[in-house]
Amino acid sequence: MPIDGALLEIEDLNAWYGESHVLHGISFDLREGETLSLIGRNGAGKTTTLRAILGIVRNRKGTIRFRGEDLTAVPLHAIARRGIGYVPEERGIFASLTVAENLVLPPVVKGGGMSEEEIYRLFPNLAERRSSQGTKLSGGEQQMLAIARILRTGADVILLDEPTEGLAPVIVERIGEVMGMLKARGMTIVLVEQNFHFARKLADRYVVVEHGRGVDYFAASELDAKMAGLAEQLGV
Amino acid sequence: MSILAQQSAATGELRSRLNLLTLAAGAVAALVAPFVIYPVFLMNVLCFALFASAFNLLIGFVGLLSFGHAAFFGAAAYVTAHAAKVWGLPTELAILTGALAAAALGLIVGFLAIRRQGIYFSMITLALAQMFYFICLEVPFTHGEDGIQGVPRGTFLGFVNLDNNLAFYFVVLAIVAAGHFAIWRIVHSPFGNILKAIRDNEPRAISLGYNSDSYKLRAFVLSAGLAGLAGGTNAIVFQLATLTGVQWQSSGEVILMTLLGGIGTLAGPPIGAAITIGLQTYLAAVDFPVTVLIGLIFVVCVLLFRRGVAGEILAYMRKRG
Amino acid sequence: MIKAGWAGAALAALLSTAAQAQIANGVLKIGVLDDQSGVYADIGGKWSVEAAKMAVEDFGGNVLGAPIQILSADHQNKPDLASTIARQWYDVDKVDMITELTNSAVGLAVQALSAEKHKITINTGAATSDLTGKACEPYGFHWAYDTHALAAGTGGYMTKQGGDTWFFLTADYAFGTSLQADTTAAVQAAGGKVLGAVRHPVNNSDFSSFLLQAQASQAKVVGLANAGLDTTNAIKQAAEFGIVAGGQKLAGLLYTTAEVHGLGLKTAQGSITTEGYYWDLDDKSREFGNRFFKRTGRMPNMVHAGTYSAVTQYLKAVKAVGSDDAEKVAKKLHEMPVDDFFAKGGKVLPNGRMVHDMYLFQVKTPEESKGEWDLYKLLATVPGPQAYFTFEDSGCKLTN
Amino acid sequence: MANVIETQALTKQFKGFVAVSNVDLKIAEGSIHGLIGPNGAGKTTCFNLLTKFLEPSGGRIFHRGEDITGLKPAAIARRGVVRSFQISAVFPHLTVRDNLRAALQRQNGLAHQFWLSDGSLAVLDERARELIADVNLSEFQDTPAGELAYGRKRALEIATTLALDPEVLLLDEPMAGIGREELPRIIDLVRQVAKGRTVVMVEHNLSVVANLCDRVTVLQRGEILAEGSYAEVSADERVRTAYMGSEHAH
Amino acid sequence: MFCIPYVKCLPLVALYGQLLLGLINGSFYALLSLGLAVIFGMLRVINFAHGALYMLGAFVSWWLSITLGIPYWGALIFAPLAVGLVAVLIEKSMLHQMYRLDPLYGLLLTFGITQVIEGTFRYYYGASGQPYPPPPALSGPLNLGFMILPIYRAWVVVISILACLATWLLIERTRIGAYLRAATENPVLVQTFGINVPLMMTLTYAFGAALAGFAGVLAAPIYQVSPLMGTNLIIIVFAVVVAGGMGSILGAIVTGYILGLLEGLTKVFYPEASNIVIFVVMAIVLLLRPAGLFGRAA
């Protein structure tokens, strides 16, 4: 369902890991300032969708259009320069870098990002531990750091992969607050999340992903009606 | 993963009709060659063909790149030459002694090198071989840079007079053929099946209960022994054993031969050896530095031609069905 | 394997059918087998090939009506390859004589082969005195120098001139140890004393530790029983540590104009060496040196000059006996005196050793030098019989 | 029921990060035991520890009451505790038959002979054929394993694992990358092979777990969150939270 | 007196002298193994051509001085740049194709390149080498009381320690270094941040090569500038790297100096073994700590 003036348009995206065909033609659109949540079981292809958009998965076919520009031919490192930030599933905190170094690692790609001071104010834990090794942080702090470092770059689209995974509820809550703030700042967000209850507080629209396809699309308002079917679909 | 990750030439290779044909052609060529081409040159080629095939046993079928294989070739040359000249052993026993010495050296080097994998393995074999070179340079029995000279060719099994180049050629052919048969047998043996399994997927082989290090070490020793067989024979052919045999450049050359001929194919290393030795011999008179040419071939092979001559032919045949 | 055109040679052979009776195949072939791309490429290398070609041209290009052809090959310091090439030259290409043969492993291997094939070798490049000692062969000749001559020249004469205490830096392999032993004998025979020696590994780039030990020994002469880059690096670093400036003398035992030129006078000045030839010795040597320089852009050392001399002498012998039969030519070579710009009153011993005068040189200072190749000043002439082993002492088992 | 595998306080730390922490696992003989949990919970690490592909930082592992913590991976496999891999593990350059032979030949003492023809391995072929047939690969006997489709590789991997006739079978995500159409077949296969042996499996697909497993251990952040039958754990509020997120009950 | 029983005794002051000399060789080992480690960390390529690039550094210095009259001080800057440029060409034209292949191919390719470079130089310049005197400001001896140390050698120790330190600081303390460390850990993620990792790889290779070229300039006044100067050195440096482990930058530096010292001592007490002592140490380390002194288990 193409939407006029979409910021990001994904159409019939296929992707492969080696011989294994993971994405089977997923399509969706994203408007500026919107939060879209990809939900689905483990292994359904949500993470791969993000990785295919960024070009980490090289072996891909289909259309990825960002602000009208086709991204499929753009080199991996140039995609971030368009203003797309990525928070990977495994968080990707670098062990050989301190917290502070991790934070300033991604280059600033656009104006309008937060300053280091602002970020440290927002995440006092990180400020305290700025000179310790990145991976010495707790899982929750690492997740904060992974999000925080994208905030600095000025990226206005952020791809978030399972930010709450493996985290204690209190931390999840804190991350929820941070994300709410991002949303309020007008950030466009693609959120991959298994934690459905987390996603529902943020998402404007949902794509249900199964076997590498988008099998259902609905807006936040339709959620309650869908709830029963979803629990079944998500496998619990 | 082994260096073979990009190619799949080895499987079931010798079983096809194509290979029987190649084998037959090779046999005919080997029998006719000494009447057309200078036999001493051919003997040199044969020795290096066996050397390269022994090396290939490791890289092609176990996935280990030894950058110090010349140590085994050269060590066997020294021991064989010493045994024949000083101890007065009969030629065939001298060669055998050389091969066993090389295998023993292989056990030591292998034991150390197997402790690391991949690129480290290569660096360690190179370093240990260089150490062995320095030892050869200094111990008295190798006679330093003069080498052991004037090694008697003697008679083979007591009745073949090896001073006759043609007769000697056929003896060398027999030895080298036996060596190749041994390699073929190892590759296509129960043991070989496990080697290939380890090469393809070491963790999986371990999970099936195979202690991969012990298999690698045994393959290493076998390969060293066969390289030694080649080195010992070479020493008798040229009646000398010198430092050239144990130099690291020789290790580089045997890699080139194998790469050029086709890693992991049985026909490749002999082809590569023939081309390389041919170039060295016939370009010796051309005013172009041979090392540069060898280096260029190396670069071209790695960049464009990783399957080698035999590998490319096999791939072509496969494509055509 | 043949560098010169086959066609030309064949044509020439056809034209001179008369010569076939004397020269077996209608062409007299001389092979120059040496290291053209490796460590010895400067000592001999392609320059030796040029020297051999000059000898042939000066001889008129043919002998007994048959054309003379030079073949050359780079043995890449591989004795087995050298052996293959030499065998093929003898067996297939019917080469009559092989010369140069730098690298003692190659020299010994090819000389042994020549005995088996009844062909002549004249070694001008290798140092080992074994060639005319325990490894001597009836058809093998050793022309330009050997370890004994270097030792006798540098060791004996320097001792006599007051350098009577020695310390050796010896390359720890056969060449180095035999050079040290020969030199020690010469030093002691002349009344000198060896205070110590340190054996360094071959291809050892850093000599500072050994030089400090030499310095501490306070010997008057520091003898370098090594070759090639080991010698040049040792001399270069000796300059750095002020060995010569401190009053000690530095004697390179195998060290030719090629190395001295490579080091430059600033570094090499004051060091001492023995050579069998230097281009600026007299008119005849200058004449050859200048012609060689015109062709190659460099002055010849004793290996290049020796190769010229050896080829010329060989051709003279062939002409004298009227045949290229190895036996006859070898006999003639043993008899004929050598008298050319390289060797004055040289004679060949029954073991194949060509005995000629050697010269003790000191490397000039940059101030003394008048040109790029003005490198040496002559300290002494070492008469041939004192430089080389007599046949009896050589250890050669051939019957006279 | 006796426990075939037991761990005590099994712990693994990577550079400043605890992947598995104090895990006491009890695997009952003859059961199909599922190991589940969100990504990063430490399931695969656990697996690697059990088979000694990783060296534990602390704790012990017992097999039939015997401490096997110090053994090498190959030795553990020889005791009959055999694993599969998350990414299909076959020998790509060997044919399907040779893959099976490689697995079978160890028990027959045929692994070390380098002087025999591999024709001597033909004695294994009957058993190999059976196993190949069991996983429906009969028509691919002579195909190099690398050329098989992904699902068939997984099938081959299961066949080679079965060839060892393991007492304990550890399957790391056997359904990963398997198309929906093939799922029932693989589920059947696992059920079939589980007869008479113990199976431990890491699996993401909860319906597969529900379908197969007698007992389930839920891991979260390297620790055991819950244990019991699938019905029990799926009713557990903490487990639901771990998977679905909390309903945010303050 | 310092004694090794049954071998040799040495006055302590002489021992200091020898240790100092060992440190000089250690400087070269450290600079070269540092370059190898930086390249390996980022590119996963064992750069066999490192010895040839070192030789190139020395040759460029010589060439600059005889053709353009650029003195040592200029060479110290321009030669590493030139070598870095050569490295860029190698990386852009050939080496980058190796990243997706088995790392052994990188080793083989650089081995071939080494043969070509060294063979060409040997062909044109022979083996006996070219002269390159130390700069006048650094010529002459320094009397330390216990030994005469050429000023130039003192300079080599100082400048190489500085260069190692600077490299270490660059990698551990700067933003560019942070990129490098991050890209070594996870190149893909770093790319998604908008950092041009392929360019970084080129520059890393050039930087490692420039370090080798720098070592070459330092070596030119000490050793004869010869095509063969890097040939054997590279294998020794491999042994240093295996003994030290490729894990850390600091490890490469420290192992280089330690093994240089050890080799220096061997030259005094048992010179015949000085060529193999580093290999022996490597073998012992492999037996006791297969991952190397500073390496982490894979």
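As written, the chain order gives the labels A, B, C, D and E, with residue 1 at the start of each chain.
Basically, a contact is a pair of C-beta atoms (placed from the backbone, for glycine too) under 8 Å apart; a residue touches a chain by one contact, two chains touch by 3 or more.
Just so you know, these numbers come straight off a predicted model, no measurement behind them.
Listed here as common contacts of chain D and chain E: A, B. Look past chain A and you find the other chains held together by touch in one piece. Centroid distances from chain C, each centroid being the mean of CA atoms, peak for A. Averaging C-alpha coordinates per chain and comparing to chain E, the farthest chain turns out to be D.
Mean C-alpha positions place chain A and chain B at a centre distance of 55 Å.
Chain A and chain C, compared by their mean Cα positions, are separated by 77 Å. Separating the centre of chain C from that of chain E, both taken as means of CA atoms, is a distance of 37 Å. Chain A and chain D have centres, each the mean of its CA atoms, that are 32 Å apart. For chain A, residues that reach two or more other chains under the stated contact definition are 95. Each of the following residues of chain E touches two or more other chains: 119, 122-123, 232, 272, 275. Chain pairs that touch one another: A-D, A-E, B-C, B-D, B-E, C-E.
Interface residues of chain C facing chain B in the complex, by the touch rule stated above, are 1-3, 36-37, 46, 71-81, 83-85, 87-88, 91-92, 103-105, 108-109, 112, 128, 130, 135, 172-175, 177, 201-202. Partner chain B is touched in their complex by these residues of chain E: 46, 94, 97-98, 101-105, 107-109, 111-120, 122-123, 232, 235-236, 238-239, 241-242, 272, 275-276, 279-280, 282-283, 286-287, 290, 298. Residue ranges on chain D touching chain B, taken from their complex, read 51, 53, 72-75, 77-78, 82-85, 89-95, 98-99, 101-103, 105-106, 110-118, 120-121, 142, 144, 146, 160, 164. Residues 17, 19-20, 22, 41-43, 89-90, 95, 133, 135-136, 139, 162, 164-166, 169, 172-173, 193-199, 201, 211, 234-236 of chain A touch chain D in their complex. Residues of chain E that touch chain C in their complex: 14, 17-18, 21-22, 24-25, 119, 122-123, 126-131, 133-134, 140-141, 147-148, 150, 152-153, 221-224, 226, 228-229, 232-233, 264, 267-268, 271-272, 274-275.
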